[in-house]
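Shared between the two complexes below is subunit A, which has subunit B as its partner in the first and subunit C in the second.
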Partner chain A sequence: MNAIAKSPHQDIQSPVAGSQVIASSERKIWPLTGGVHPEENKHQSTSCPVSVPPLPETLVLPLSQHAGLPADPLIRVGDKVLKGQMIAKASGFVSAALHAPTSGTITAIENRPIPHASGFYDLCIILAADGQEQWCQLAPVTDYRQLSPAELVEKVRDAGISGMGGAGFPTAIKLAPGTAINTLILNGTECEPYITADDMLMREKADAVIEGAEILQYMLGAQECLIGIEDNKPEAIAAMRRAAAGKNIDIVVFPAIYPSGGEKQLIQILTAQEVPSGKLPADLGMVVQNVGTAVAVKEAIVDGKPLISRITTLTGDALTAPQNVEALIGTLAQDLLQYAALKASELSTLVFGGPMMGFSVDRMDIPVIKTSNCLIAATEDEFPAAPDAQACIRCGHCAEACPSSLLPQQLYWHARAENHEQLMHHNLFDCIECGACSFVCPSSIPLVQYYRASKGAIRTQEAKHAKSERSKQRYEDRLARLAQEKAEKEAKRKANAERAAKLKAAKTAEKTGSDAKAEEDPIQAAIARAKARKAAAAGASESTSAGQAPSASDRPLSAKQKELKVQLSMAKAQAKKTERALAAAEASAELKGDRGDIEQLKSNLAMLHEQVSKLQQAFDEKAQDSASKNNPEKPAKAPLSDEAKKLKIESAMANAAVKKLQRAIASAGEDELDTLKQQLVTAEQKAAEMKQALEGLS
Partner chain B sequence: MALINSRSSISQRGRETSPHALGQNSTQRVMSLVIMATIPGLMAQTVFFGWGALINVAWCSLVAMGCEAAVVSLRQRSVSFYLSDCSALLTGVLLGLALPPFAPWWLSLVAVSFGMVIGKHLYGGLGQNPFNPAMLGYVVVLISFPQEMTTWLPPLGLEGHNNSLSDALFTIFPLGQAVSVDAISMATPLDVLRENKSLTINELWEANPVFDGMAGRGWMWVNLAYLASGVFLIWRKVFTWHGPAGMLAAIAIMATLFWSGNGSDSQGSPLFHLLSGATMLGAFFIITDPVSGATSNRGRLIFGAGVGVMVYVIRAWGGYPDGVAFATLLMNMAAPTIDYYTQPRTYGHHKANKGLPKKD
Partner chain C sequence: MDIVLYAIGALLALALIFGAILGFAAIRFKVEGNPIVDQINEILPQTQCGQCGYPGCRPYAEAIANGDAINKCPPGGQATINTLADLLDMEPEPLDAEHGQESVTKVAFIREAECIGCTKCIQACPVDAILGAAKQMHTVISDECTGCDLCVEPCPVDCIEMRPVDITVRTWSWALPQPNHGKAGLIATDLRGQTV
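This part shows the complex of A and B:
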């Protein structure tokens, strides 16, 4: 085509430089592993151009026409919809929207038979056409290069495009792979016998394919674009070469062999690379799209039209006029077959898709969906019933035909034995179910069916296994939790017992050694002094309470006064306790030789004690004062209760502070002394406040 | 629309699993091709060793089909279905070719019925047998009746050659007037070479009329006929080249390694070993039995090489003049292990899986 094209060497050496090569027919190709040559039967449906069948009265639109979650209906029964209007939106990341293929009325959303190997029914939107073909508002993009790839991906998503080659994976996801893409591969292989939809598309819409390829290339940022076509489509190849002239797109032609059109197989043929097991082409920097998908993308972006129709091959010996049609999504098979003049009496098998990987259906009121590339109305002679399977003689013809280099004969053996371990060991899940092994099997064993069943059984078993693993984990976690709780309880109990033992030991030690130590240790002396003071104060309070007792008996204290009294006595008791605890803490600290903090602690405590005793005295005096003042008359509640309230609050605060301190000291370790000190500081502050309040009162 | 709306028009067959298109291959076709490919060898055997080979093949086929029919009807299966795969016929034909041309009828009967009933059907029938049924039957009679099994008639052109059909028939089925085989029998070249302790190869060739050309009178042509048929079968993709190539290469290499020239202790030249005895019959018709052999191409190469090495070992230092049957049975036992270690590398995998699946 030009000077560069004459250097295939450069083409292979450097893909980036090679991408400058235009439509080089010398591009190196690599052979497919295995493969078979079934009778092509493609000529029957390529004799006339793609036609448009009459508008059907009713369209049946399954909500699940793609891989992933079914679409979410946006309309209600009775709604009038316009052609191209979105009638169901994508319900998640892996999902695709659905649009009205023509204008009309929604008559039902109900379960209808769907094109699926299972023969199941699924939710479908039923649209009665009004014959107006009235389009909704479209938003074409005049220059897609003005938009960012992300915006274009959004448009593709909104157009409801899913892979049109058969797998039906939502296209928008493949166009935002998250990894750098070097190579865009368009799949125009169409290796299955009978199907000619892509062949006719490339013949008649080559420009649209190329434009779509350029848009996809722009969206993916791919430097290189290869379009792979089998050599049994000379017209399509010629049309594509014409359309791609002068473009950065390489039309690669290779010998026809089934299953060269498998995504992995096409990559192997065009690049000699293999998609690692369990990975995607994107991991190799490649994206593969069907040529039909490229046209759908072009129409979505340039014309603003969503995916509402596709080219479907109508073929098979039971049709008088086999051909390709531009069918609206949702057209029933019976309408299309009638259009192609079905000889109903000769129809024996109706296949959706190709003869190698398609599935047969047992009724004709099933709609064409986004992935339906072919309908084969076959006669008995065309697809005779498979003869009874004979014994496997391990001839290995299947292994010769397998494009994945599996050992189908061994897989069959282990599938029959339900030996899942061996099946996994023989890489069952790398089987692409192309059917080449079944095709060549001299014993007519439905090998692929065994693999499908085994895959299903293994998936079910793994799901069950995962579930039981989760339950097991849950149970084990619970056991562990219970054991931990028990251990914690045990540890607490032990710690308590130890502390009690220590306290006891400290007490006895104090009793025996306090006198001797008092002279040596000034702090001990201070404690002793504080104790003495406290004892004196206690004695005083006791005497006061004793003195009060008679007066209390003839003149009962108010409830609040009573409470105050109780609290005070409690505070005293706690102060005592605190002292004891401090002694214990001291004992433990002594062992560690860390005395500074303990000393401060002790002096602080002594101060606290003093304050508490002062408070007590003040309170007692006050109480007596007020009692003597107000007793003769009715007890003056207001002033007393005011003061008493305040006092109560203050003493409660002191109480709290002391309590805190006690707790802190009780659990004193050397590393906790810092926090302990802080607590003491706050306790001091509170005590000081209380003192002030008391001074103010007195 | 209503006219083709009815479900019934396509419901006779209902839903079927893909693929809907099926290839033209069939087990019957594979077996018949192999049987037909034995014809050149059979003809050579008949030309050089008399009608015995032909009578043997017919008799063994009859017995084999009879055994198959008997067992299948005992198992209450369709006799015609199982007989039509031609696997029993092939076993009979191969045994008929392998047994000495004038083996008595009861010898063939024992060999074939043992191979068919015990070697094949007791294991579950076609596809289930771990051993090559023909070789199992052959070894049973070889061990049990060594005298009958090691005497072959002198080949065409030698004195005492018996070439009349009626004589052959009466030799095999002695109805009253038995012809003593001993009187006209002669050891095979492999046997003579093995027993030779004093003569150089050249002297041996001159002294013994059984030697002619490179591998003995008649034997070379029989082997070349099987070689041609084998190449034809490989071309028709009935089996791959791996097994036969492995076996023949191994025999050639072993014979070259241990070929000590022309002396009296010589084991014979590589060509002598390739073209005598059952080498070619074994390489293209015996070890290519897919059921009892290794299944991957690499496995078949190893399997064939193993057979080749053992054939030479048995011929050179073993107790029997030829070792194809023993070598095949021994390698049959190794086939499952070979299969475990010769899985091909699957698409998208870095390397092939080996051995047994790993337990976690």
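This part shows the complex of A and C:
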């Protein structure tokens, strides 16, 4: 299959052997595998020199203009910034800083539409220009050879430079590859139709490109430097040759073919070496940089200026004045298109980038970023809607056009079947998405979109798998942790139990040592102690009850009597408490000079005392009564128990009254005295009832 | 007759030798555990959500190895079922709706103002993706959250919700081209005379 792919297809590919004569370079060049010749459409935008559009009022600066992590804002809303001031720093290794393209005020940091195929919004810094164009302090380097390459790389990093060719990989990383570099290749190919930004740059800033190339060569320690340019840019070639005269830099011209500007394709054309799958050019001792990047590096080192503007091609039939402009990063597409005299009624598609690899956007308030090399405002005739895809007829044109020697047709089938394993087997990730296969497809199958979608799906799945691996690890770690915690708890519990047992043993040992006589076990001793206590209590009760109720002294009280006794003792205790509370109330009342109520309280308390004494009497009588009646026979208990019940209820009521009174007095305050009085009245009533009941009983 | 005996003897000798080699290999190269369980577990999404009815992905992997159905994993969805079918040489089946629907990836989110710091969700999380302490506000480490849903139920103040993971510029990818409805497979000239 490789042989077929490499054999030149006359309809698509130019005869490379013949064009070597045109190249007129002393250096040998090699043919590109595959490739196509789309209509160039470059002449429209090269008729006038690069101009500088007027300063826009607002600049929208996406934090993610490069491959890798988005930058980290250093400013706040409302801050005033100077031109060239760093407003966002690189947030990681693969990241790039962002600088203010002009002086002004930060008005917002918010989500805005960005130039991206998804059409999504992303975080942007919004800068309102103040028109002063006031630069911040710059630190130009007069002689870069005084600095070490590492210091220069740091300067490039601080200048926020990322690849200007389209991929936007942070340049500083490419300049510190960690392997020995022999060859620096500057990419002035610009193979994609319509785009002329690098062409104009080389025409107008050839000296800057060469100076940048020398700085890059010094930084990388590369012995040779090649600048590859397609032969369709004669003015640029002439300017570059002039600038490079007498320098150790080779301008290599080769026939135009798309996609010669791909990094790996350019290496193949200039050196005949193929970068192996999954490897980088640095592994072959080569570094490829865009010519625009070289100029940005020169400006960063020699002038000290960060990357704040770039040359962008404005083209397409919907523009009256297609041209190249030096646009500030963050200028909105609508401002630039207006500057190039857009015929709004004719605009049908707005494309960021070239027609082969760019993407269309559906709005014009999208900013130009570091990678935006071209804006195509196309009419309907220019970019007609893609025809419907037909069935693949297996013609094999795609395989012949593929610059990466892949099998696009096989990839297409497997992409349709979502067979990721087979896609990987067919090296899907070596596809550079150049679009040559779609371009030649007679069935108009959007092949590249299939590959892009499959790449995305595979990446998503890999991310998912990586996450599930991590989840598994975390889950297992958690189980291990729980098991360990459980084991620790168990061990602690065991240790505690052992210690307790030891302490117990020590105690018993002590006891047996001190009390040699008591050799029985502790339970027996405890029983003996309890018995002794009971006996003592019995003796005491005998002595107290002897005077009051001699008849009841030699046997226990009945259950009813016991209850009555308990009630009585409780009433006594509460009366005592009431007394104490009264004393406290008296003390507080004395301070307030209000004694009338206290007197009343006192009299009431006296009545309560009377009740208690009467209750005591009733109990004593009952005790004698029951003692005398209980002695002969049991049936006499029934009427007695009735009376006892009544008495119990009465005493309970008295208790409640006393309790209420106690509570009221405890919280006695001036404002509560009224309610207190009422409570006392009810207590009195209850006391009266109690009296009656007691009278009845007696 | 002798020749037959020799042949039998030679075969017996060979049988003994190979038997000894096989016997030795069976002991020397014995595989601990069931390797198919590991392979199945590798395919399962490791959300540890228990929607399959087993207390984690590994127990379900063991169940599949013992002959359980392969379509009980909603977080894995049809893709997981297909991969499992491929591995086990079975016919892929649609997801068993009894165990849930395949839905977009979600992660737990704690409304921090409402969190009372009870640590119940921390105990429920199978991958330790919730950070917090008693009477301290809790939060979810969304990068580690598997979206298993297990923390939502135990929350006494219902302050945990499952939020779908937004597609950002960095996670977006192209969609597969849609086939042309009704026109797919036709040759361009077949469409002549039709209004397209």
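The definition used in the following text is that the second predicted complex is superposed on the first by the 441 of 698 C-alpha atoms of A that agree within 3 Å, B and C clash if a C-alpha of one lies under 4 Å from a C-alpha of the other, contacts with A are read in each partner's own complex, and residues count from 1 in each chain.
Basically, contacts are C-beta pairs under 8 Å (C-beta built on N, C-alpha and C of every residue); 3 or more make two chains touch, one makes a residue touch a chain.
The shown structure was predicted, so the numbers you read here are calculated from the model rather than taken from an experiment.
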Which partner does A:274 reach: the first (subunit B), the second (subunit C), both, or neither?
-> first
For A:449, is the partner it touches subunit B (first), subunit C (second), both, or none of the two (neither)?
-> both
With the two complexes superposed on chain A, say which partner A:64 touches: subunit B (first), subunit C (second), both, or neither.
-> second
If you stack the two complexes on chain A, which partner ends up touching A:153: first (subunit B), second (subunit C), both, or neither?
-> neither
Check whether A:249 is in contact with subunit B, with subunit C, with both or with neither, and answer first, second, both or neither.
-> neither
Once the shared chain is lined up, is A:120 touching subunit B (first), subunit C (second), both, or neither of them?
-> second
Where does A:237 make contact in the superposed view: on subunit B (first), on subunit C (second), on both, or on neither?
-> neither
Kindly classify A:474 by the partners it touches after superposition: subunit B alone (first), subunit C alone (second), both, or neither?
-> second
Subunit B versus subunit C as contact partner of A:391, first or second or both or neither | both
Where subunit B and subunit C land on the same part of subunit A: residues 117, 387-388, 390-391, 393, 443, 446, 449, 452
Subunit A contacts subunit B in the complex at 33, 36, 38-39, 117, 119, 193, 264, 268, 274-279, 334-335, 337-338, 342, 344-345, 347-351, 353, 355-365, 376, 378, 383-388, 390-397, 399-400, 403-407, 409-410, 421-422, 424-427, 430, 435, 438-444, 446, 448-449, 452
Please give the residue numbers of subunit C that touch subunit A in the complex, ascending.
-> 41, 44-48, 56-57, 79, 126-129, 144, 146, 167-177, 179-180, 183-188, 191, 196
Please give the residue numbers of subunit A that touch subunit C in the complex, ascending.
-> 64, 114, 116-118, 120, 122, 387-391, 393, 415-416, 418, 443, 446, 449-450, 452-457, 459-461, 464, 467-472, 474-475, 477-478, 481
Can you list the residues on subunit B that touch subunit A in the complex?
-> 1, 3-5, 7, 9-23, 25-30, 81, 85, 87, 125-128, 237, 239-240, 290-291, 293, 295-297, 300, 339, 343-350, 353, 356-359
